[in-house]
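A single structure is presented below for examination.
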Amino acid sequence: MDFIYLLFILALSVFLGFVIISRVPPLLHTPLMSEANAISGITLIGALIAAGSETDHTFTVILATAAVAFTTYNVVGGYFITEKMLKMFKKKGQ
Amino acid sequence: MDFIYLLFILALSVFLGFVIISRVPPLLHTPLMSEANAISGITLIGALIAAGSETDHTFTVILATAAVAFTTYNVVGGYFITEKMLKMFKKKGQ
Amino acid sequence: MDIAIFINFIYIISCVLFAFGLKMLGSPVTARKGNILSMSGMLLAVVVTLLSREVISFQWVALGVVMGGAAGLFTATRAKMTQMPETIALLHGFGGLGSMLVDWHAYHVHPTNSLIVSIPIYLSIFIGGVTFTGSCIAWGKLSERLPGKSIKFPGMQFVNIAVLGALLVLGFIFLSDPLHHYPIFLAIVVLSLIMGVLLVIPIGGADMPVVISVLNSYAGLVACTTGFVIHNTVLIVVGALVGANGIILSIIMCKAMNRSLANVLFGGFAPTVKAKAAGEKKEAKSMSVEDAFLVLEAAKSVVIVPGYGLAVAQAQHAVRELSELLEKNGAEVRFAIHPVAGRMPGHMNVLLAEANISYDQLYEMDVINPTMDTVDVAIVIGANDVVNPAARSDKSSPIYGMPIIDVDKAKTVFVLKRSMATGFAGVENELFYNENTAMIFGDAKQTLQSLVSEFKASAAA
Amino acid sequence: MDIAIFINFIYIISCVLFAFGLKMLGSPVTARKGNILSMSGMLLAVVVTLLSREVISFQWVALGVVMGGAAGLFTATRAKMTQMPETIALLHGFGGLGSMLVDWHAYHVHPTNSLIVSIPIYLSIFIGGVTFTGSCIAWGKLSERLPGKSIKFPGMQFVNIAVLGALLVLGFIFLSDPLHHYPIFLAIVVLSLIMGVLLVIPIGGADMPVVISVLNSYAGLVACTTGFVIHNTVLIVVGALVGANGIILSIIMCKAMNRSLANVLFGGFAPTVKAKAAGEKKEAKSMSVEDAFLVLEAAKSVVIVPGYGLAVAQAQHAVRELSELLEKNGAEVRFAIHPVAGRMPGHMNVLLAEANISYDQLYEMDVINPTMDTVDVAIVIGANDVVNPAARSDKSSPIYGMPIIDVDKAKTVFVLKRSMATGFAGVENELFYNENTAMIFGDAKQTLQSLVSEFKASAAA
């Protein structure tokens, strides 16, 4: 049954994604892309569990640590670039 | 864990509901209300399982059959009234 | 594949269809298709449910479906467009009752001490009961089978608090040991039903639309909690969608009336009918149908503002005839629809659609207001509060701050009503005394029909 | 409460925060708050994950987070606004690689024969690998470290088909017995990485934005499949949101270019540069900066249409100066932004925002076109295809049907570019030969700066 619940969650999220994203105006499409890029680094969570459960085996330690580093890079870089762009959007007089 | 998956599904659906419904224009608020009314009769599904698993016990048979009847009433009445309203909305020349 | 997995897979499809259906209600072009998608989702869900292992006999299912289906069809075909509010209330009520019975059945057949199941059971019974009797009272008030006025009795507040308190206390006792508290369960059922009555009778008939939409969100809640009881995902998804719907519509209505939800549900809205400075009272101008016709014949741009009174007078067909004649005469005719005009949100649109008025002639308040000063004649038909300029200017008025349709900015305003009486909010309307306003007294339908015959006579001549 | 339940409960909150964050990106007023909400969602998810029972040691976690975080901050602070496309491509690539490693780790530590886990593993490796190398190539092309042109070699199609076929066949073998096919797993890893290169090298540099957004949806897909591998709901929700985002943006871009996604990804867009009827070729009028200044000084309504060339010339600050001077001179200045102007969707807006141009001066194509005939001067800066009237009228043109900005309807059109060369689509532009068009040749930044000095000189005089 777990699997079917996950599918349910997937279906709802896809729908939600389409409804939300289709409302973002072209004005913000570049920040939108980099925001989506940042959150796609959510696999960091999986990497954390992998790296945190490691103790001895060299090869898997390397795999897991690299996974943490790369996904963190994705998340941190993505969020800060988005922030950098968004803070430039100003209305007259702001 | 089942419970937490159900909560997850609940949270996503509430969000989805708010996003979708807030986009329906006032023009269609009455049909929207009756559509929501119709689908709220979805507990019919629970009623069906209840009534379908019954064989002998008089009291529970009455409970379950009444549940099926009332929720079906809600679903059928709701959908047909929505349909009745919506088919009146016409643009010039249609 | 396991049949349970298959069923749940189809449930996912149903949910997507329901969500799509609601989304397609976002435009009148796709709305009907949306309703059909939603119906197919329901049909799918019902059919696969019957395939599930728990379902072993069909006679009771068939009996229930046939009875309920026939009654539903009967109600739907008989209901007139003006009766939508009460019809929806009625359907709601029975939906709530049905859900309550599902939970009762679940409790009766598989009582359990697990809180994860018995808390939702308690909530379903409570909210389901309130939904059922509350909707019935709303139905009675809206269909005028019960007096529309707010009904209160001395000490009512204490009774309310006592019942609510009892429900909470009994709830705790019940949850402490659900397996052995059937009598307490029954007491909760009864008290919930009483609670529904107590909550709705003190609310005035004109506030029923808000009540319906609150009950709508309750119906959603019950579907959700029932979903947790019988572990069914579709119920949870649909319940959440419906709940969101009810909350959003209630908020929209309250905003348009400039009141808080708490005020509507518990306040009982005491109108302060203080005709301020009655001494300097001006006379309202009254105009005959003949004179009005002459003005309308010359108008190039006309805005029609329908209100609750138009629905009461059932004048929707007459107004369509008039609008067609005006257009034939070369005028541009637009309808300005206030969000709380009529008996429920969007009701005015349905009534005008029924009279075959194209929906692109119907404009929202915010769209039409900026263009109001270019309008030659604004015809206010059975509306009052929604065109009261005091909402803009008079801070002491109880409707101050409510958004209104600025008809007073049009060159000429005609007000079609039967008397100088106030509207639902019980507030005097300065508009009637303005220089550019003319009252045309009489039943809206009759006045409109007279105007129509004037036009026809002049065309024939 | 069980810690796993608590963690999942927090995950729900994280998901809601992510969704809210994206929703708030719907308006520039709330967008920044949205980004912060999203960050908090991420932080919450990370923190509670570290509380989970599986996490027993922290040294490797700390090492990875510090290295990745420092590199991320470095990249973000160094990236210029004109470099957004390649920076996003780079981040994407490493995200894809990271996800792939998570799945590899999962497979290495807990190999299983259950298809419900091993199918998602296979998909994650495949898509993650393609995302990684594909993004790297896109980064190279966009940052001009690799040649921007479409790179093809003889027999490329066969190689592609062979690699894809091998991936599918190896996939089946792997899935038949995942426990004992580690070498095949490694072969899949390598082939996926090769596949990513093969898919992106034949695509031209100007089509990279579409590639990025397709890779964006791949990154979402990988997050989803990884979610199924490690049974993590947040990954599934976020993956779905990101996937939807990539798909929507790709579709929008393709529509704005009037091409199909398949054509962009596999077609290689062969421009048919047939200057039809070269015989009757008219001369384009060229104008000096001084004369242009005189026209602009008299203009009351100016529309500026920036394109790819403006980004190349880095003229965004010069254009802001000019627009301010025009406004001081009493003209109304609006910017018309075509959806595919610039190097990626919405890129033009970011560049203009960077130059401190208020976002309410930026108009979408559909808003500005109906008002174009009231415009005195339209200044086209480094744009070409997006203002080519052939898209409206010439059925034989490869860009026929692409929506354009109708500058030709303005009273006067200035085109700022370096030569008569064609734009990305390689099509002649009739606009340049129109009566009311004047070309101002030269680098956009220099031309704009000269115009600015003319204005300043005249103000000083």
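In order of appearance the chains are A, B, C and D, and numbering begins at 1 in each one.
The working rule: a contact is a pair of C-beta atoms (placed from the backbone, for glycine too) under 8 Å apart; a residue touches a chain by one contact, two chains touch by 3 or more.
None of the values given here were measured: they were computed from a predicted structure.
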By the contact definition above, name the pair with the higher C-beta contact count: A-C or B-C. B-C
If you average the Cα atoms per chain, which one ends up farthest from chain A? C
Approximately how many whole Å separate the CA-defined centres of chain A and chain C? 42
Distance from the mean Cα position of chain C to that of chain B, given in whole angstrom: 17
Note: chain B sits from chain A at a C-alpha centroid distance in Å of 35
Note: chain D sits from chain C at a C-alpha centroid distance in Å of 45
Would you please write down the residue numbers of chain B that are in contact with two or more other chains? 1-3, 5-6, 8-9, 12-13, 15-16, 19-20
Give the residues of chain C touching no fewer than two other chains, as numbers and ranges. 15, 19, 23, 233, 237
Quick one: in the complex, what on chain A touches chain C? 1, 3-5, 7-8, 11-12, 15, 19
Residue ranges of chain C in contact with chain A within the complex: 4-5, 8-9, 11-12, 15-16, 19-20, 23, 233, 237
Parts of chain C lying in touch with chain B, wherever the complex brings them together: 15, 18-19, 21-23, 25-28, 31-32, 34-35, 38-39, 42, 45-46, 49-50, 52, 54-58, 60-61, 63-65, 67-69, 71-73, 75-77, 79, 81, 84, 87-88, 91-92, 94-95, 97-99, 101-102, 104-106, 108-109, 116, 212-213, 216, 219-220, 222-224, 226-246, 248-249, 252, 337, 339, 344-347, 349-350, 353-354, 356, 358-362, 364
Within their complex, state which residues of chain A touch chain B. 1-2, 5-6, 8-9, 12-13, 15-16, 19-20
For the complex, which residues does chain A have touching chain D? 2-3, 6, 9-10, 13-14, 16-18, 20-55, 59-61, 63-92, 94
